[in-house]
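Every chain is named by a letter (A, B, C, D and E) in the order it is written, and numbering of its residues begins at 1.
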Amino acid sequence: MIREKLKQALEHLFPAGEAVPPAIVAEGEEPAEKTPREAVIETDYATCGYHLDIKTPPEQLIEVVSLIDQNDFFIESITGVDWIEEGEIEVVYDFSRYDFDLCRVVVRTRTDRDNAALPTITGVYAGANWHERETAEFFGINFIGHPHLVNLLLPEDSDIHPLRKDFKP
Amino acid sequence: MNQPVELQPDETFVLNVGPQHPATHGVLRVKMEMNGEYIVHAETVVGYIHRMHEKMGEVKPYPQFLMNLSRLDYLGAMGYSHCHALCVEKAAGIEVPKRAEYIRVLMVELNRVSSHLVWLGAFIMDLGGFTPLLYTFQAREHILDMMERITGARLTYCYIRFGGVSRDIDDQFIQSARDFMPYMRKELIKYHKLITGNIIFKKRMVGMGHISPEMCRKYGASSGVARGAGINFDVRRNEPYSVYPELEFEVPVYDGCDNMSRYMVRMEEIEQSLRIVEHALDQLPDGPVMPKKAPKIIKPPAGDYYQATETARGTFGVRLVSDGSQTPYRMKLRSPTYSNMHLFDEACRGLMIMDAMAMMGTLDLVIPEIDR
Amino acid sequence: MINYFREIFSGLWSLFVGMKVTFIEAFSPKVTVHYPYETLKMCDAYRGHIELIENEEGEPNCVCCMSCVRACPSGCISLTGEKPEGGKKKVLTSYHLDFTRCSLCSACVEACNFNAIEHSKEYNLASRNKEDFHFDLLARLRERNQ
Amino acid sequence: MGKESIPESIVQLAIADDIIKIGRANSLWPLTFGIACCAIEMMATGGSRFDMSRFGAEVFRPSPRQADLLIIAGTVTKKMQPGIMTLYDQMPEPKWVMAMGNCAISGGPFAIKENYNIVLGADTFLPVDIFVPGCPPRPEGLLQGIIELEELVSDWKRFKDPEKAHSRQPSIRAQADKEV
Amino acid sequence: MILTLTILLAVIIAIAWAAFNAAYLVLAERRGAGVIQRRPGPNINGPFGLLQPPLDGIKLMAKQLIIPAGADRFMYISAPVLVMCPAIMSFVALPYSDWLQAQNIDVGLLMVFAFASMGTMGTIFAGWSSHNKYSLMAAMRSVSQAVAYEIPMILTALTITLMAGTTNLNAIVAQQSENFFHWNIFPLFGETHNILMPFSFLIFFICSMAETNRAPFDLGEAEGELVAGFHIEYGSMGFGLFFMGEYANIVIGATLATIFFLGGWSCPFGLFPGVWWFLIKLYAIIFTIIWIRWTFPRTTIYGLLNLSWKILIPASLVNLLLTAGLMKVF
């Protein structure tokens, strides 16, 4: 089971004490202090549609993603969620496998809303390039180290971040 | 014949392909740095038809956003609505009657056939053959007729509702769908004679446009691109949803990693879709097509939901972040062509422009679906 | 060397096979519908723009409940109604459809509980003014009745 | 933005003018330029069943220099708008623009309040001659648009009202049954 | 004086014939495509759509003439003329019957080939002067294609001259005019018993298609990648001339094939005058070319060159040698 393997590997990465017992964790509802900032949570696939929910601090992001890469996952998408009340933007990375051993992994990391910056994972997954560009332009996140961080979908000269919740056209 | 060439960077020029170009299937732009006819470096510029679907997902209530999914990918519209409906139903806990689910699958598969037919025609048109386009469009008209009788539209169906479908199918539809099967199989034989066997076509296909499995993984490619690289990956099988576990079909996989493999995968997918339709028609249960108490107002509990399906273009995913209100907090649409197109930049290096165009054709692009 | 010739001949043969296919097609019957001279009959499910449904007296069924207005994703329906003096039900005074923003999603028809609107079967609209597609459905209904 | 002014010719020949008009009306070559959903219906219109070529209008030219008719078949975004204007400028006079589908007419279903990327209608930046509504319009709608445009170009109503033409079941359905 | 006038008249008729053919072959192509694709094609303008070419012509002539900024004006304007004129000039030398010919030239074959190769100049002029990268690439392709295919074409024509012993087109026909089996393509009873002739015909046919930039060899105007090829910047009648030049070239190619291999105006049964037989053969070849155009996808540029340098040129060289040998033997 790749799920167990990956979970063990990741728990090794995070200090053991901080992993919470498996539970369906609803994002946003729970205040930030209840869910720790770093954890590997096994979720209920039937309700959520993914198996592992990994919360990682930005510093450990590349480490986590490299681990996922070593386990032959492919990158599905990167997106952001603007939690305006908490003043944070969450960036969500989806990974899955070309395999019958089903495992969908979601990696979440949060960054400050006003000064949003995250390390890029293009070094690990070349395919993250566009996803990061899109997230950058829609949410105004600076992906540090990205080779070509210009607007992807919006016109080259536009500097709006339309998917931020406080965006007014 | 895919020889690498010695490329001097100072002898290059930049060729701007698109946004209006016959081979880009819409408004895609590729800035190609060329050395003669060889591509040194290509940069894809997308976004010419970014229609704010994700923003609209955030501001519109769930039922009103339904029609957007058909505009996302107009060729395989049904598959996208299906994915969205499945995701919201999962989140809101809406039960779908069995018959409705079967009808959905029927429609999705018919739509997949029609989508692949457009791809085939447009692809051959990229290669310079015009007539197959008209043949495939003509075969497609049969499907559109059938679907129009039920759904009321030719392209943008808006047929799937949360909890079911808007209209039941009737005997005439079933009859015409059954009649369509032998017709389409005959047509496929014709296409194979006219296109697949053709020496000019073969020369342009076999061994051209190498996309390796590793590249697929790094870019997250799916559909024919991944299956043409020998990756046995189809969400309908790997991560079964809807009633697909009850239906018989095979996932065609070719490991040539070239244009021909991707082409053959799609051609066989048409056959497999026909098989699914046939099988679904046999197994079609009776019953209602909407649940008795279809919820008017949809309020999924707060949480993060993800659903992936296999659409005509590949793995489509909907990430729904709900805050418990009538409108989603965040609606992310993971489109398959986005990833498939992304790998074009890397895969086309060192190719001649005409081979690059052929390879672009095998990626099965629908530009609004990239840009969303 | 043999492969060289075999390739040439099999290649030539494949070309002839392809030409045979188009040759057979050339003698198949034409499939064209000659549009201005012959038209298609739209199926029952076909979704054109919406029209009001009248009752036996030739008046619209609409009771101005505004559910179609609320259901429309593009906000292209606007209607007003007023209560006539002494009357109980609201009477429709104007029903305006901005067809240029409609997405033909059928949400309004499904939202209507009073069987007041339906899809028309008009499929061949074209005009030099876009104002032509801002329909006043009430006027259209009256026109139809005359 | 109006049409470019063409200098009036010194010698005015009414009959020659009429012939030229009829020539123009009956050989409208569209530009191969599809943006979104409507482009597929445009292709279908060129297909066997609807066959735009009967009007002499099937010669889809990939280069704007050779086209007479710009069919805006899809949503115009802010990123695309300059490109469309360039295309229009590159077309030689006389030229016509057709807005096909609701998106091209007024933004269609994408004209929402929070809109940040859609141009609300092609007529905001181009002189559109014909509007064909629908989402997408059926191919007959496009054909009707072309007929309407021919009338506009040549001042001559050539085709009778399709409503008055005899209606028949589409041949392809009957034929499909036969073929199987 | 009268002789001069007659020649002038004949030349004018030849030119008119070329222009007529060029215009109506466009219609034939569009209707032919319609037949293959199960649709009528242009049919409402006049009976069977016969008014479509003049209407198109009127429209093209009445369109604004744009000379793109940065274009080399002189070359830009002269290019379509350089494509159209040589094509029309070749018609002067083409015989349609033993009496129907503008001018009987002893080196008719050479003259036609000379003019045919001039058309390439128009293409490269157009590509270069348009100030467009696409057209430049297309022009380069066209040139390499023309160079590659002229060789086997002329080598094949050489076998014919070798057998006929003359470059006079009339004489070439006269030599095969006895009956059906004296045609060069059926080498049973002719002067020589050259069994290689069907292959020569095939090579010649392929080469003439490639020379005239016809699909599947239309690399110069490959729509899929080079938008419209070398005439991308040409609108109005400039484009019309390219169009007509292409069709005029097709007629020349088909005429030569008829003369070389199908016995020209010689008729197997003699039902009606020879010139009708000539036209039947000519249009049969042209329709085959149209049929091929609407059946196959386009080749690649290297596939095209490989075909020429690796298959057709060796084959035609061997063909020429063997023909010479056969001539010696019989």
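Following the convention adopted for this analysis, a contact is a pair of C-beta atoms (placed from the backbone, for glycine too) under 8 Å apart; a residue touches a chain by one contact, two chains touch by 3 or more.
Owing to the predicted nature of the structure, the values given are computational and were not obtained by experimental measurement.
Peer 1: Give me the step distance from chain C to chain D, shortest route via touching chains only.
Peer 2: Graph distance in the chain contact network comes out at 1.
Peer 1: Based on the averaged CA atom positions, which chain is farthest from chain C?
Peer 2: In terms of C-alpha centroids, the chain at the greatest distance from chain C is E.
Peer 1: Please indicate the chain closest to the centre of the assembly, with centres calculated from CA atoms only.
Peer 2: Taking the mean of C-alpha atoms per chain, the most central one is B.
Peer 1: Please work out which of C-E and B-E is bridged by more C-beta pairs in contact, and write that pair.
Peer 2: Most C-beta pairs in contact, of the two: B-E.
Peer 1: Suppose chain centres are the mean of their C-alpha atoms. Which chain sits farthest from chain A?
Peer 2: E
Peer 1: Find the geometric centre of each of chain A and chain E from their Cα atoms only, then give the gap between the two centres in Å, rounded to an integer.
Peer 2: 63
Peer 1: Chain B to chain D: how many Å between their CA centres?
Peer 2: 28
Peer 1: Measuring centre to centre with CA averages, how many angstrom lie between chain A and chain D?
Peer 2: Going by mean C-alpha positions, chain A sits 46 Å from chain D.
Peer 1: Distance-wise, how many Å sit between the C-alpha centres of chain D and chain E, to the nearest whole number?
Peer 2: Centre-to-centre distance between chain D and chain E: 35 Å.
Peer 1: If I count partner chains per residue in chain B, which residues reach a count of at least 2?
Peer 2: If we look for residues of chain B contacting two or more partner chains, we find 21-22, 47, 50, 52, 55, 60, 67-68, 71, 131, 134-135, 138, 141, 156, 194-195, 198, 200.
Peer 1: Multi-chain contacts in chain E: which residues touch at least two other chains?
Peer 2: 36-40, 223, 227, 294-296
Peer 1: Indicate the residues of chain A shared as contacts by at least two other chains.
Peer 2: Answer for chain A, listing residues that touch two or more other chains: 154-155, 162.
Peer 1: On the basis of the stated criterion, which chains touch which? Give every pair.
Peer 2: According to the stated criterion, the contacting chain pairs are A-B, A-D, B-C, B-D, B-E, C-D, C-E, D-E.
Peer 1: Residues of chain E touching chain D in their complex?
Peer 2: It comes out as residues 30, 34, 37-45, 49, 51-52, 54-59, 62-66, 223, 227-228, 231-236, 239.
Peer 1: So in the complex, the part of chain B that touches chain E is made up of which residues?
Peer 2: Its residues touching chain E are 1, 13, 15, 21-23, 37, 124-131, 134-135, 138, 194-195, 198, 200-201, 203-204, 352-355, 357.
Peer 1: Given the complex with chain B, which residues does chain A contribute to the contact?
Peer 2: Touch residues, chain A against chain B: 24, 26-29, 47-50, 72-77, 79, 81-82, 92, 94, 96, 98-100, 102, 104, 106, 125-127, 129-130, 138, 151-155, 162-163.
Peer 1: Any idea which chain C residues touch chain D in the complex?
Peer 2: 29-41, 49, 73-74, 98-105, 123-130, 132-133
Peer 1: Which residues, counting only chain E, touch chain C once they are in their complex?
Peer 2: 35-40, 291-292, 294-296, 311
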